[in-house]
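Okay, so subunit A shows up in both of these, paired with subunit B first and subunit C after.
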Partner chain A sequence: MPEMTIREAISKGLREALTDDRVFIMGEDVGSYGGAYAVTKGFLEEFGPQRIMDTPIAESVMVGAGVGAAMGGMKPIVEIMTINFMLLALDQLVNHAAKMRYMSNGQIEVPVVIRTVTGGQLGATHSQNFEGWFASVPGLKVAVPSTPYDALGLIRSSIKERDPVVIAEHAMLYGAKGEVPDEHYEVPFGQAKIRREGKDITLVAHLRMVNVALKVADQLAEKGKEAEVIDLRSLRPLDVDTVIKSVKKTNRVVVIDENWQTGGFAGELVSSIQETAFDHLDGPVGRVCGLDVPAPYSRKLEASVVPTPERVMETIGQLYGL
Partner chain B sequence: MKVSPKLDKSQVQELYRQMQLIRQFEEECSRLYMQGKIRGFLHLYIGEEAVAVGAIPTLKPQDYIVSHYRDHGHALVRGLDPRAVMAELMGKATGTSGGRGGSMHLFDVSKGFWGGYAIVGGQMPIAVGLALSAKLKKEDRVTVCFFGDGAVNEGEFHESLNLAALWKLPIVFFLENNLYGMGSHVDKTHAVGRDLYLAADPYRIPAAQVDGMDLLAVREAAAEAVERVRSGGGPVFLEAMTYRFRGHSMADPSAYREGSEVDLWAKKDPILTFKEKMQEDGLLSEDEIAEIDDEIKEVIEDAVRFGDESPEPDLDSVYEHVYA
Partner chain C sequence: MATELTMPQMGYDMQQGTLVRWLKSEGASVKKGEPIAEIETDKAVVEFQSYADGVLSKILVKEGTTVEVGKAIAVVGAPGETVADKPSESKKSEETKTEANKPEAQSTRSEEVVSAERSTVDISSSDGDIKVSPVARKLADEMNIDLSQIKGTGPGGRITKDDVVTAGEKGGAKRTEQAPVKEKVSSKPAAEAPKPATLGELIPITKMRQQIARVTVKSKQEIPHYYVSTEVDMTQAMQLRAQLNQSDEFKGTKVSVNDLIVKASVEALKKYPKFNASYTDEGIQIHGSINIGLAMSMEQGLMVPAIMNCDDKTLKELAAASRDLGERAKGGTLRAEEYTGGTFAISNLGMFDVSSFIAVIHPPQAAVLAVGSVTKRPVARGDELTIADMMNVTLSADHRVVDGADGAMFVGEVKRLLQNPFLLLL
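Then we have the complex of A and B:
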């Protein structure tokens, strides 16, 4: 099976999407620059300026024009360089894109795909993780691929959607490699993936935190304990069932989220777990999140903010004595 | 479309009918609001009728209209069924959005009416996107985006004008300047001053100002703007100077406006002035006016009856149209 990076998998998915005449890509520096993360490198030459459109740095109209063009029968893919800049387009995404179908009683569909980049190591205003925020909005779908296989599979599903999709790609994962089959496949929304099976504890994560969870599983294995690692793959719709099924088997669970703890997505998961599987738990549902501080610039400080295998191990030890 | 300066009798009657339909519909809405049959925000278009009635009939059926939260007038002129609009305002299942939208969110895509949008300026990027789709698909469609003076200060306004100008999109930016963003006069809120069409200048978008109380002036300016856009010349900006005779919404007693100012604008009432002029020109008679007024009375009574008798949406339907 061929191996590729997440960057290559996303590029492959976008190239496939562009075989549909209704699809076009727009965003800041997606054309001659090739995209800030080089995902659309070479696309302008390949598809031309009618399909690959550089926009001004104006996030509201980037997203809004994508929404409007989708309403008019196109299938726009909008690239917002980082999820931090999405805040400038929240009106278009939350007040409009997510509401159109409902407010119009089904008269209007908004098949727009918004690709953006979450996480990172670039200081307070460029390293945030807002994908969980978007997941709280009815009417939006949120994809969080952590492997090349899922990135391609989720892009394929996104292009087929009739509702707005946000794909949060992680800045630190573009170079991550993995196997991607030649045969066509898709990854549906709302289907978590068990990355590693185990019977002693469930670890739930998405994007970069999946790798943290896998490292924790390795460390637990050295102690003779088997962790089950669940990669959510999409935050909305959310596959709670897979998580609950696992918790009923392991009776222990820790949720890992790169975002801040307060009001974060991890809290939503913790709540769902205890509501549904309370009687199956051997202890409190654990949660390891980014510290509640703006991302610091110093490498040393920054390393203390993002959840690490050590912090997760510590929490597991405290809650479950493993 | 070139508008002949000389209207025939049937055109005059139709234009009068449309303005009067809006006026009486809005008056009825006001009453229904006081009775509690219409809830939430209700922004009346009374006083501004000449803008919608001047502009919208210059469009082709395939053209896109995007409006703001004061959207009843645009919807009615575009031919949305008064029954469905009234039912929507009453939150009924038979409304334009089955009671999911409300006064600020009327939609009828089958008539090219792509919605009322309730975040000031929020409709503008979407309208730009609709225009973009028309251009990419090489369709003969003009998008007309209505917005108020308040929107001119929003970032979305500037982002939208810039992109539309840059990409030469087929869109008319139609500013309805009624001088007040809710309770604040434009003099207090706009550095550019009262002539807000000047805000289009940095983007090199051709712009003009027109008397929004004068139906024929609006009609002529709109027809010219739409024709220019349709011929592929890129966006055009039109500002209609107008005035709302009521408060911003039903919750607003409008205490911030001087009585003398209100009186002055009342003399420019677009319906009265049009009626008088057409009577002078022998294009509209007292009998014809009475006949139209009676007909409208019936249309509105029928719409209210329809709304009253319509069922509320089924509780089980609350999740309909939500897929994520």
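Then we have the complex of A and C:
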């Protein structure tokens, strides 16, 4: 099976998508520069300026144009350079893209795909993780691929999807390698993946935090404890069932989220777990999140803000004595 | 140091008692005077209070067992005599020191170790304080394991699933005769199982409540009640009471309104003895003495202990007897005959601002007098409108024994006596 990076897997997915005449890509630097993260490198030459469009720095216009084109029967893929800039397009995304189907009584669909980049190591205004925010909006779908396999599979599902999709790609994961089969497959929304099986504790994560969870699982293995690591893969729809099934087996669970703790996505999942699996818990449901501070610019300080395997281990010790 | 607690004599004729329920489990700390069990005589269910301070180290009599008076039912040991309670300071510091040798020692860890070191007995001293994870609790229920017997090894001493599994494998913590309280509770799953949110608390029926239910249902099913009410002008009675209570003769024995009603009832019963009777298959049994039962609302429920042999008692003697009865009812030191010896009853809700009510006859008695509040009301006296202290009384009587006209005469006599209260001093 061929091995590729997440960057390559996404490029592959986009190339496939562009075989459909309705599909076009627009965004800042997606054309002549080849994409801020080089995902669309060579696309302009390959597909031409009609289908690979550089835009001005105007996120609201970009998403708005995407919504309009989607309403008009096209299949636009809008790249927002980082999720931090998505804030400028929130009105188009939340008030228009997500609402149009409902407000038109199903007459109008908005099958726009918005690719954006979350996380990173670029300081307070560039190292944020808002994908959990979008997950709270009815009408949106939010994909969070942490492997090349899932990135390609979720791109394929997104292109088929008839409602707006936000794909949050992690800045630090583009170079992550993994096997991707030649034969066609898709990764459906709302289907979490068990990355590692275990019976003693469940660790739930998405994007970069999956790797943290896997490291924690290694450390627990040294203590003779088996952690089950669940990669959510999409935040909306959310596959609570897989998490609950695992918790019923392990009786212990910690949710890891790179975003801030207060009002964050981890709290949502923690709440769902205790509501559904209370009688199966052997202790409080844990969460380890990014610290409630703006991300520091210093690389070392920033690393201390993001959840680390050490912090997760500490939480597991406090809650469960493992 | 250990003290044996024995089956108490709760009535001169009490031979044996049944241990209904243990209120404390083995290992619980108990204080002198603290109720630790419920004991049923053939007359009533009474709380049994410990007469020693310490730890309930051994329960000798199972729930539901009947034993003779004087037989030991439990042992109370001195605190710390058989088991350590709180971990001592020295122990704590020792634990901390041990932990401190490990590089990653943290306060939470050492606390955990100390908690885990606590004896089973300490944890079980108050069931509600046992820390148990939800899954451990559920599993313990399924495996019929007594959580109070398990040492929690989780953070903060929490009993975890592993602890329950380990205990199950060892088999030592089964809910057995060692923990009769638990066994009893678990045998009533309805009282413990999680309930749908729409239901409120399910209050277990105490022996006392069972008895009240039995007696009142029997009364209402068997006794054809009828009711006769009248208004009593208590103005003079209230004046007399005030005068008596100011006099030296009544110093220390204050007369209550209820005492006046008791005295009036006694005198009326002497005149109409059919109200001091019981209906039996053989005939209407007139009782040889007048024993006035007084309905008392206790914490556990209703009791109707009686003032015995009221026939020849003066108002002052009745007042003293009534107060003594009330105090001993609260203290749980009533004599057996007083529980069931009543021949007529008075139920007085006057202290609650009740205008009138009707009472349920306490079998095998034939009548009960329900007394409302004394309130100032405008009344016609002759052709004049005036303010008087008025009180309503309602007689409930057994129609098998007496008819309505009898009831009217009886109530009329009570009223006459209370409205001419000097007659109560004869």
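Criterion: the second predicted complex is superposed on the first by the 322 of 322 C-alpha atoms of A that agree within 3 Å, B and C clash if a C-alpha of one lies under 4 Å from a C-alpha of the other, contacts with A are read in each partner's own complex, and residues count from 1 in each chain.
The criterion applied here is as follows: contacts are C-beta pairs under 8 Å (C-beta built on N, C-alpha and C of every residue); 3 or more make two chains touch, one makes a residue touch a chain.
This is a predicted model, so every value here is computed, not measured.
Room for both subunit B and subunit C is found when the two structures are superposed via subunit A, with no clash between them. Comparing subunit C and subunit B on the residues of subunit A they touch gives the larger count to B. In the superposition on chain A, A:38 makes contact with neither subunit B nor subunit C. Once chain A of one complex is fitted onto chain A of the other, the partner contacts of A:251 are limited to subunit C, with no touch recorded for subunit B.
In the superposed model, A:69 makes contact with subunit B only, not with subunit C. In the superposed model, A:278 makes contact with subunit C only, not with subunit B. Legend: residue contacts after superposition of the two complexes on their common chain; A:102 is shown touching subunit B, with no touch to subunit C. Contact with subunit B, but none with subunit C, is seen for A:50 once the two complexes are overlaid on the shared chain. Touch criterion met: A:320 reaches subunit C, while subunit B stays clear of it. Minimum C-alpha separation, subunit B to subunit C, in the superposed model: 23 Å.
Overlap of the subunit B and subunit C interfaces on subunit A: none, as no residue is touched by both.
Interface of subunit C with subunit A (complex): residues 108-109, 112, 133-138, 153-155, 158, 160-162, 194.
Of all the residues in subunit A, the ones that touch subunit B in their complex are 24, 50, 55-56, 58, 60-61, 63-74, 76, 91-92, 95-96, 100-108, 138-141, 162-163, 189, 236-237. Residues 64, 96-98, 100-101, 105, 107-110, 114-115, 117, 119, 122, 124-134, 136-137, 155-156, 159-160, 162-163, 166, 320-324 of subunit B are the ones that touch subunit A when the two sit in their complex. On the side of subunit A, the complex with subunit C involves touching residues 251, 278-283, 317-321.
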